[in-house]
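Below, chain A partners chain B and then partners chain C, in two separate complexes.
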Partner chain A sequence: MRQWWQQGSPWVWFSASALLVCLGLFMALLGLIAVKGMHHFWPAPLVQFQLTEQSRPQLGRLVRSVSDRAERKDRAYRLVDRGDLIVDASSQLPGRYLLLEAHQLLSDRPKQAVWVQLQDGRTFYGKQVGQETAPSDAGLWLDLGMAAPVLISAVEIRAYWLPNQLSFRQKGAVFWQEWRYFLTASPSQNQSAGGIFPAIFGTLVMVLLMAVLVTPFGILAAIYLHEYAPKNWLTQLIRTSVYNLAGIPSVVMGVFGLAFFVYVLGGSLDRLFYADQLPAPTFGTPGLFWAALTLALLTLPVVIVATEEGLSRLPQAQRLASFALGATQAETIWKVVAPQAAPAMLTGLILAIARAAGEVAPLMLVGVVKSAPQLPVDTQFPFIHLERKFMHLGYHLYDVGFQSPDAEVAMSLVYAIGLVLLTLILLLNLSAFFLRQRLRRKYRLID
Partner chain B sequence: MQTTVQTTMQTKVAIHEFSLWLQHQQVLDAIELSIPANQVTALIGPSGCGKSSLLRAMNRMNELMLDCRSQGQVLLDGQNIYQSETDVARLRCRVGMVFQKPNPFPKSVYDNVAFGLRLQGQRSRRRLDEQVESALKQVGLWSEVKNRLHHNALTLSTGQQQRLVIARAIALQPEVLLLDEPASALDPISTLKVEELIYELKAAYTVVIVTHNMQQAARISDYTAFLNQGRLVEWAETHTIFTQPASQQTEDYITGRFG
Partner chain C sequence: MWTRKSRDCISRVAVTLVGYSVLLAFALIFIFLLWQVWPLFQPAKISVQSLESASVTMVDSYSVQSTNGHTATHPLMLDNGLDERVQLQADGYFQWYLRVGDDWQLQMQGHLGLASWQAATMLSGSRTLLVADKNAQVYSWFRLHQELIVRPRITLRQMELQALIPVSADSFFSLHPGQLDWYHVTTGKHLAELQLPDTPLQQLQLSEDRQLMRLHWGPDHSQAYQLQWQHPAVAGGQLWSAVHYEGRREAAYVWQTAAAADDSNPRLSLIPLTSGTLKAAGYAMLFATPLAILAAVFTAFYLPERWRYRTRATMEMLESMPTVILGFIAAFLLAPWLEQQLMLFFVLLVLVPTVLVLCSALWFHWRQRQQQQAEQPGAVLVLSLVAGILTAFMLAPALEHAWFDDSLLLWLAGQGIDYQQRNALIIGMAMGLAVIPSIFSLTEEVVSQVPASLTQGVLALGASRWQTLSSMVLPVAAPGILAAVLLGLGRALGETMILIMATGNTPLLGFDPFEGMRTLTASLALEMPEAAVGSSHLKVLLLAALLLLVLTFLINTLVSLLRQRIRQRYLQL
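So, the complex of A and B:
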C-alpha cells in the first residue's frame, strides 16, 4: 500500500477517473441529443381515448408517460397529442396536448388510424373511414372525432401513413423520409412544423463567409506579429491584447457589430451607393455580411493565436536554410514558413468555425431573423445577397424552444435541431481536420 | 612563412579588423584573417570562441540574430560586404552555407535542390533538371536518389540529407562555401563521405569549415585558424599548425590539454 502510494499510482487513477467523468458527461450529452432528436422522426403509435364516458372516442399520438411526483406515485398520466384541431363547436377542449389518466385511454389501437400532414404543415390524427377516388376531388375521409367525417383533399396532403399497421422496416422508411423532409423543407406553422433547410443553409453560408473573411486577416496579422514585428514590449503588449480579445463576451461583439458595422459602415454605404433607395436601408440594416463580419472579428484572436503557435513551432533552422540560399524575408515567409505553418493555420480555422457555428447571441443583433422569406444565395444576380437577413440553426433552436407558444411541440423538435447543428459543426470540423492531416503528412518533419 | 602563403595564393575573403557584438557581448575582437581561394580553411577553437560567428560574418547571417553590431571589414574579392549598398540576398548566393544539423525543407529532393535556383528566377524545366542533376552528382548523391527525386527529402538518411543540403548550396554555384560543423551530427561512414566531398569541392569553391574535430581539420584542410575567446590566436598552413604551432595556447588546444 505504501509502495503503491509512493510510486504515484493514485495520481494515475485520479487523473484517469477525471477523464472518465468528462467522457461520461460528454457521451451522455451526445446520447441524449441523438436519441431524442432521432425519436422525433420515428412514427409513434396512435391511441384512442375518451375525454369523458359520454364523449366520442378520439385519436391522438402517444407522446410519453408522465408521473406526477407531487401526487401519489401510482397516478400515472399519458401525454397525448391531438394534432392540429379543426375548430368546431363539438371539440370542447382547446389545446393540442392533453394529459390523460389511464382510464381515459381506450385499450384499442385502431388499425385504421391515420397520421396525415398537409402541405401547410398541419397534422391530423384520425380514423380512415373511406377514400375518395374520383379524380376531381380525390382524398381521404377521416373521422377526427367530430360529428361528421372530414374529407381531406389529396392535393393538400404532403404525407400520410397508418402507424399502427407499420412493420419495423416500414417505420424505418418513414423515419428516413421524414428526416429528408426535415432537412430540405422550409418551416411552416410558425416554425413548429416543416423543415429547417433555410436555417441550415443560412448557417453554412454565414460560417463560410466568416471563414473567408477571418482567415486572411488572422494569418497576415499573425505573420506580422511573429515574423516582422520587432521583439519588444510593444509587440508583447499587442500580442497580449489580441489574446485577451478572445475573452470578450460575444454579445458585446454583437453590440459593436450593430453600432459600427451596421449603422456606421452600412449607413455610409447606403448614402454612397444606394442613395436613391433611402430612407429604406440596403446595407444599413442587419444582414448576412455584417453577421459574418462580426463573427470574423469574434474569432480573429483564435486564428491569430493558432497561427502564431504554428509559426513558433517551426524550427529556426528552416528559416536560416532559406536565408542562406539567398532568399529575402518575404520569400522565406511565402516559400518556407507559411506552407509549413499551414496545418496550424487550419487548426485556427477549425477552432474559429467551431466557435462561429455555435454562436447565437451576437447574431440576434446583426442579421439573424426568425423567418427569412428568401435565401441569401439564389439564381438572381449577384447570386450572393450579402445584405439579406438570414436564418440560423442556433437561433432557430432558441426560437422554437423558447419563443414558441406550444412547449410540447418544441421539445422534440429542439433536440432534432440540436442534433442537426451538432452534425453540421462536426462535418465542418471533420473536413478541415482531414485537410489538415493531409498537409501534416506533406510537411511531416522527421525527428 | 605566412608572407609566402599570402603571395602565392590569391585571397578570396579578407577579414579586416572585424569585431562583433551580440546582445552587447563582444564575441569577435579585431579579427584579421585571409581566406585563400580554392583551398579549405578550417576554423578551430574551444566552444564559444566565436568561430561560428566568424563564419556567419562572411555571409552576414549574424544579422538574423537579435541585437547584432559589427565593426571592421569583410572583403569578398576586394569588395566590403558590410557596405550599406550590399544586396544581402545576392551575397548569400555567392557565399553559400551549410549548417551543423542537416536542415532540408520538407519538400521533394528535387525541390530542395531547385529552391535557390527558382529564387534566382530559373523557370526553364530543362535547365533546372540539368542543374539539379549536376549538383547532386557533385555531392555523389545522384546515383542514390535519382529514382526518388520526387520523394520527400526527409525520408533520406541523415548522411544523405547533409549531402543534399550541400548540393542545395552548391546548385547556386557559390564562390565560397561556409560549412558549420557539417559532420558533427553524422555517423563515421557518412562523415567520411562528407569529408571526401569537401576535399573534392575545393577545386571549384573556396571552402571555410568550422570543426571541433582536430583529426578532421588535419585531414581535410589546407589552412587552419585557431581562435580563442574571440581573438584569432594563430593562422597558418594546417601542417604547420599541427606540427610546430607558434603559440603555446594552440599547442595546448590541439594536444587536448584544454578546450
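So, the complex of A and C:
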C-alpha cells in the first residue's frame, strides 16, 4: 500500500481521468450541438392525439418525452407541437405546445399527414383531405382538427411534405432543402421561424470590415516590434501594452467603443457633417463601422502576435544576405521578409476573424440589433452603409434563446444557429491551424 | 539613390508611428475612462452666480423667521410638497398625515422621544422628517407604513441654528448666523458651506432643478448662487459602503438603477456587482483549476508525443469556442438538469474519485501479486471511470430516497436554503469549461518545457515517474502554473455572455452556491445601452469598466512577469 502511494498511482489516475473528463465534456458539448442542430431539420413523424374522449383527433409533432420529478409522480408526458393555430371562434384552444399524457396519444400515424410551411413562416400539421386544382385558387384542403377543413392557398405555401410517407432518402432530401432555406432566408414569425441569412451576412460584413481595419495596423505594428524596435524601455512598454490589450475583457472594449467611438467620435462627426439631421443621430449611434472598429481594437493583439511569430521564424541569414547585397532595410523588409511571412499574417488575420465572429458582448453595445430592416450592404449609393445597425449570428442566438416568447420553439432553432456559428468558427480556426503548421514545417526545413 | 534612401526613411517613420500608436491606443482607453469617471468624485460646491442668469424663476421660497424654533408657532405644520404632512408639537408629540384624494388621513401619531427641539422640516418630495435638537444634532425619521424608521444622526456646527431648509429629496441646508451648511441626509455627509454676510438673512429661494439659489437680505440686497452637485447618487461614498436609503429598514448595499427604483433615484453600490463577479470567477476557478492542471500535467508528462500534440491542438481549438454557446447550454440544458439531478451531481462528485482511488489500489495490488511492474493501463482506467459514473447514476436515487425523503430540493427548502435554478454551481461548470483551455495550454507548455536534463537526472537516480514529477518538475514549473491559473482568472473575471445567460442577473450579496448573482460585466452589457449620456448611472458603469480594466491589467502584468521569470529559470538550468 505504501508503495502504491509513493509511486503516486492515485494521482496518475486522477490526472488521467481529469484529461478524459475535460475532453469528454467538450466532445459531449460539441456532439450535443451537432446532433440537436441537425435534428432541427430532419422531418419528424406526425402523430395523432385527442385532447378528450369527445374531441376530434388532431395532428402534432412529437417533440420529446417529459417526466415531471418535481411532482414526485412518475407520470410520463409527451410534449407535442401542434403547429401555428388558425384560431376560429368555435375552438378555444390553449397554446401551441401541449403536454399530453400517454393515453391521449393515438397509436395511428396517418399516411396523409401533411406538414405545411407558409411563406410567412407559419407551420401547420393536418390531414390532407383534398386538393384544389382550379387555377384561380389552387391549394390544399387540410383537416386541422377544427369543425371544417381549411383551404391553404398554393401561393402562400413555401414547402410541404408528408413526413409519415417519406423514405429515408426522401427525408434526406427534405433535410438538405430545409438547411438551404435556413441559410438563405430571412427570419419570420418574430424570429421563431425562417432562416438566418441577415445574421450570417451581417456577421460577414462586419468581420470583413474589421479585417480591413485591423490588418494593416497589426502587420505594421508587428514589423515595427520585430524589425525596427530598438531594445529599450519604450519597446518593452509597447510589448506590455500589446499583451495587456489582449487581456482586456471584451465587454470593457465594448464600453470603450460605445462611450468613445459612438458618443465622442460619432457625436462630433454628426455635429461636423450631419448637422442638418440632428437631433436624429447618423454616426452618433451604434452602427456597423463602430462595431468593426471596436472589434479591430479587440483583435489587434491577435494579428500582432501571429505576425511576429511568423517573422521570428524567418532565418536571420536571409536578412543578412539581403543587406549584403546592398538592399536598404525597407527593401529587405518589403521584398524579402514580408512576402515570406505572408502566411503568418494570414494566420493572424484568420484567427482575428474567428475571434471576432464569436464575440457577442461588445457588439451588444456598439451596433447589433435583434432584427435589422435593411442589410448593411445593398444596391443603393454608397452601397456599404457604415452607419446602419446589423444582425449578428452570436447575438441572434442569444436573442432567439432569451427574448423569444416561446422557449420550446426557440430551443431547437437555437441549436441550429449554434451549430452554424460553431462550424464557422471551427473551420476558421482549423484553417489557421493548418496554415501555421505548414509554415512551421517549411522553415524547419530551411533551418 | 536619393529615392531609395527616402523610401527607406519613409518606411521606417511610418512603421514606427504605427508601433507607437498601439501604445497610444492602450493608453487612450485608460485615460478616456479615467477622464469620464473623474466627475463622479467632484465634491458639491456652492458658488456665486452672476446676475444675468438669475432670471430663472424660483419656485420655492423660505422666509427665515417662520421656521425658527424659538419664534415658530406651535404646533408646527410641515409638509413635503406632495402628499405627506406632519404636525409637530413643542414637546415632540407628532401626528403624521397622508393625503388621500382631497383629505388628509391620519396615518400615525406618537412621541419623537425628544424633550425639546429647535428646528424641524420635511424633505421635499420624500417621507423624511428632520428635527434638530438643542445640542445641534439632527435626527431623521421616515415613515414606513405605520412605523418610524430612524436614520443615522447628523451633527451640525455648534452655532445658533436659525433654520433647517429642505433642498432636495435627500439633502438640506442648516442656516446659522453668517453661515450656511449643506448636508446629505442619506449618508450624513457635510457637502459644502457658504460664508454669509452678518446682516440677518430674510429669505432663501430655490429654483425647480435645485441648481440655483437666491438669498435676500433686504428689499434691494440679494445674491444668486449656483449649487453644483452633479452626482448625488454616488457623492457620499455610496459606491462602496452600506447606505440606509429611505424606505428600507436598515443600511444595505443596493444596486438599483433609476428604471428599477421606486422613486427613480438610482442606488448605485458596486459591492453586490463586485461580489457577484468574484463569486462567479471563484466557482469557475474551483471547477477549472484542478481539472485543467491535472489534465495538463498528465498530457505533458505521461502522454506519448503524438497524442500530446493532438490533445494540445484540440485544446487550442476549444479555446475559441464562442461563450454565447456555452451560456446557452448552461442556461437551457445544464440548469434544468441540475435542478432535477442535484443529488446525482453530489454523488458523482464524491463517488467518482473514490472509485478511482479504489480501482487504482486494487489494480496495483493485483499486478504486484503477479510479480509485474505496475504500469498504468488506459483501458482499466476508462473502465473504472465509467464504472464510477454508472454507480453514481444507480446509487443517487436510492440515496436521495433514504436520506432526503425522495427530494433533495424539498429537503434544502426545509432547511431554509433557497435553490435558484440559475446558480453559482451552473456558472462554475459553464465558465469553468470556458477557462479550462487557457489554463491547460499554458500549464502544459510550462511543464513540458522543463529541461530534459533535469528530469532524466532524477529518473536516473531511481525515482519513479511520479516522484520526478512531484519533487522536481512541479516545483520548477510552479511560477508558470501560477501564471496559468491567473490567466484563467483574468478570463473568468471578464467573461460576459455566460454570466448574462445563466446567472439570473439578480444583484445578491454572499457566496451561496445555490444562488445566482449579477456581475459587473453583465451589468455593463445589459445597462450601458440604456443609461443616459452624462448620467451618474453611465459614469458608474464606466467606473465598473475601469475597475475591470485595472484588475485584468494587474493580473496580466503579473502573468507576464511570472512567464518571464520561468523562461529565465529554464535558460539558467
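Heads up, the rule we're going with is that the second predicted complex is superposed on the first by the 387 of 447 C-alpha atoms of A that agree within 3 Å, B and C clash if a C-alpha of one lies under 4 Å from a C-alpha of the other, contacts with A are read in each partner's own complex, and residues count from 1 in each chain.
Heads up, the rule we're going with is that a residue touches a chain if its C-beta (ideal position, glycine included) is under 8 Å from a C-beta of that chain, and two chains touch if they have at least 3 such contacts.
Keep in mind that what you see is a predicted model, and the values were worked out from it rather than measured.
Judged by the touch definition given at the top, the superposed model places A:Cys22 against chain C, while chain B stays out of reach. Once the two complexes are overlaid on the shared chain, A:Val252 sits against chain C while remaining clear of chain B.
Applying the stated contact rule after C-alpha superposition, one finds that A:Thr328 touches each of chain B and chain C. A count of residues in chain A touched by chain B and by chain C gives the higher number to C. In the superposed model, A:Ile304 lies in contact with chain C only, and not with chain B. In the superposition on chain A, contact of A:Leu349 is made with neither chain B nor chain C.
Within the superposed three-chain model, A:Ile425 lies in touch with chain C and out of touch with chain B [touch as defined at top].
By the touch criterion defined above, A:Pro10 lies against chain C but remains apart from chain B after alignment on the C-alpha atoms of chain A. With both structures placed on the common chain, the touch criterion links A:Leu320 to chain B but leaves chain C unconnected.
In the three-chain superposition model, chain A touches both chain B and chain C at residues 328, 331. Taken in their complex, chain A has these residues touching chain B: 231, 315, 317-328, 331, 335-336, 340, 442-446. Every residue of chain A that touches chain C in the complex is listed here, in rising order: 1, 3-4, 6-23, 25-26, 29, 32-33, 69-70, 72, 216-217, 220-221, 223-225, 227-229, 234, 237-238, 240-256, 258-260, 263-264, 286, 297, 300, 304, 328-331, 333-334, 351, 354-355, 357-361, 364-365, 394-395, 397-398, 401-402, 407, 411, 414, 418, 421-422, 425-426, 429-430, 433. Within the complex formed with chain A, the chain B residues making contact are 59, 61, 64, 66, 89-93, 96-97, 99, 101, 103-106, 115-116, 119-120, 152, 154-155, 165, 168-169, 172.
In the complex of the two chains, the chain C residues touching chain A come out as 4-5, 7-8, 10-12, 14-16, 18-23, 25-29, 32-33, 36, 290-292, 294-295, 297-299, 302, 311, 313-314, 316-318, 320-329, 331-333, 340, 352-353, 356-357, 359-361, 364-365, 368, 374, 376, 378, 381-382, 384-385, 406-407, 409, 433, 436, 440, 464-467, 469-470, 490, 493-497, 500-501, 521, 524-525, 528-529, 533, 538, 541-542, 545, 548-549, 552-553, 555-557, 559-560.
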